[in-house]
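Per-chain residue numbering starts at 1, and chain names A, B, C and D are given in the order in which the chains are listed.
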Amino acid sequence: MITIIVGTNRKDSVSQQIAHQYAEILKELGVESNILNLMDLPIDYIYSALYENIGKNEQFNRMRSLMNHSKKFVFIIPEYNGSFPGVLKAFIDGLDRTKALVDKKCALIGLSAGDQGAGLALSHFTDILNYCGTNVLAYKLRLPKIGDFMTDNKINDPLYLSKIHKQAQKLIDF
Amino acid sequence: MITIIVGTNRKDSVSQQIAHQYAEILKELGVESNILNLMDLPIDYIYSALYENIGKNEQFNRMRSLMNHSKKFVFIIPEYNGSFPGVLKAFIDGLDRTKALVDKKCALIGLSAGDQGAGLALSHFTDILNYCGTNVLAYKLRLPKIGDFMTDNKINDPLYLSKIHKQAQKLIDF
Amino acid sequence: MITIIVGTNRKDSVSQQIAHQYAEILKELGVESNILNLMDLPIDYIYSALYENIGKNEQFNRMRSLMNHSKKFVFIIPEYNGSFPGVLKAFIDGLDRTKALVDKKCALIGLSAGDQGAGLALSHFTDILNYCGTNVLAYKLRLPKIGDFMTDNKINDPLYLSKIHKQAQKLIDF
Amino acid sequence: MITIIVGTNRKDSVSQQIAHQYAEILKELGVESNILNLMDLPIDYIYSALYENIGKNEQFNRMRSLMNHSKKFVFIIPEYNGSFPGVLKAFIDGLDRTKALVDKKCALIGLSAGDQGAGLALSHFTDILNYCGTNVLAYKLRLPKIGDFMTDNKINDPLYLSKIHKQAQKLIDF
């Protein structure tokens, strides 16, 4: 079972659209997946689920549980201010590292409106996941100018699509 | 006017203690400062002050205003999961980049309970600030095993203190 | 006096062409500069000028001296294998850090044939320079697909050129 | 077959000592290994084996061949100027990326005389290897103050040793 994480809590995000498309691609390859959307973080997450309250927010505990029970992840990471969304790192900060991340495996996709394709975000987030014990597939995808490559909420570009298929297969084999 | 940012919203954080000590050191050097503590972020910050709500949260707008009116910053950054706290990046994501960060100058201090001293956090956060147009003083401080070097909520270690004084002076001259 | 470093020892490199163009732009702005080309590294540099031989290679000592006597630098950095050329870091490893780099200032330009524009190279090299005490201008330039934007060995693209002028002026004021 | 790379061309390096010890540990775990020492790079490597001369230096081609025929690597990386040795990246720049690195797996060890343990070097080198298609084991080792933990050219510290054994086993299972 693979869990796909939508790496922002922005409503109706492009990352969410790509998560759904990634789930379909995994299904074609014979693998079931769940989507964990940071839009579902509790409204008071940064207080009610961190530090002395870690593990105490029932709404968030369902997300923690999903992470704990998955062996592989796909993180869809939009570029905000030259790196990943702060909310994505805050999400990591609320997990039980040992159960959620140690000795797990994952693939990373970065996307941006501009031409950087979240390259630094992928570098930073790899550092964090590696620190937490999660092995990151070398084949990471940078998807710059993502708006130019989508129609009807789906990536339509053959090159981008072939890269996603290639990554999905590599993650299955990882 | 220098603003010192406490880079976590954890209550009674060590970062907060160091921020107060840094303010005293700046005062000795003849420079006034403010402390901006992420503990004061609105409880629903990640919803009420980001994306379509950017600029609409009055409580947070006071923090934005303080950033906009400061020319220099000191960021006190505790290490969480091998990097900076997610909340610190979420804070950056809610600012008006042009007014708050472009062509500003700052100094960075990283601290950790473990022996890494937030080295990767400082690297990641430098990338983000540089992307946002803020010049980062090369002389960054890594303060590993911070608990061993504090008494009565203050750093007592002569080496750590001399480094902070040196950094504070460099920031004034930057 | 500003020294412009050609960040590769490849013959007839694009980086060298851009270095010459940068020198002209600085001249227009009223500032003299030197070009230090890594093509001039001694052929046996990695043995004769490092470790126990540091400071002993007369050919390289002229390059060291130029670094020691400059207060500001521009590094032109082509992307090799997702980062800076190994030779550029080897060059840094042969310097006298205290005389060449501490409390100096610099600007960075990254270029690539592909679409990444040496983004990770700039991040990595900033870490190294900051570690060595050199302040790095936040306004770094990523120049992807550089081949598409040059004619007769010069950048001809108005956007790229305006960014270089902007950076050059910022470096002068830094 | 695992190849252990001594990440510097310094003579009699600590990295070389650790490489030999790592080979013994792998042998205890039932796995043969080779050591590739950057001390064996051709004296004129940065000219005779890069760019238009890539693949033409017979002495270096033996090292390329060893890389091409290995599926897994261990990189022993000493910290120089806050990152990896320039020579290590120059070595990567002379390889045939497709044959040497794509879809391979590796483990990383960083060491330093100071207290940083080559943390940034490991981050930078992970970026480079990932870019080149090599999967990097999340469990990387930082070995700060290495001189304090060695006797007779061997690591003697139980904690450091247990970490190396753990990493070696993880690499075998990766």
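Everything below uses one rule, namely that contacts are C-beta pairs under 8 Å (C-beta built on N, C-alpha and C of every residue); 3 or more make two chains touch, one makes a residue touch a chain.
Keep in mind that what you see is a predicted model, and the values were worked out from it rather than measured.
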- Which of the two pairs, A-C or C-D, is linked by more C-beta contacts? C-D
- Note on the structure: Cα centroid separation, chain B vs chain C, in Å, comes to 30
- Task: List the centre-to-centre spacing of chain A and chain C in whole Å, with centres computed as mean CA coordinates.
- Result: 36
- Query: Rounded to the nearest whole Å, what is the centre-to-centre distance of chain C and chain D, using the mean of the C-alpha atoms as each centre?
  - Reply: 27
- Query: Which parts of chain C, given as residue numbers and ranges, touch two or more other chains?
  - Reply: 120, 123, 127, 130-132
- Task: Could you tell me which shape the graph of touching chains takes: line, ring, star, complete or other?
- Result: complete
- Residues of chain A touching chain C in their complex? 115-117, 119-120, 123, 142, 144
- Taking the complex as given, what residues does chain A use to touch chain B? 9-11, 41, 43-47, 50-52, 80-93, 97, 120, 124, 127-128, 130-132
- Message: Can you tell me which positions in chain A touch chain D when the two form their complex?
- Response: 123, 126-127, 129-140, 174
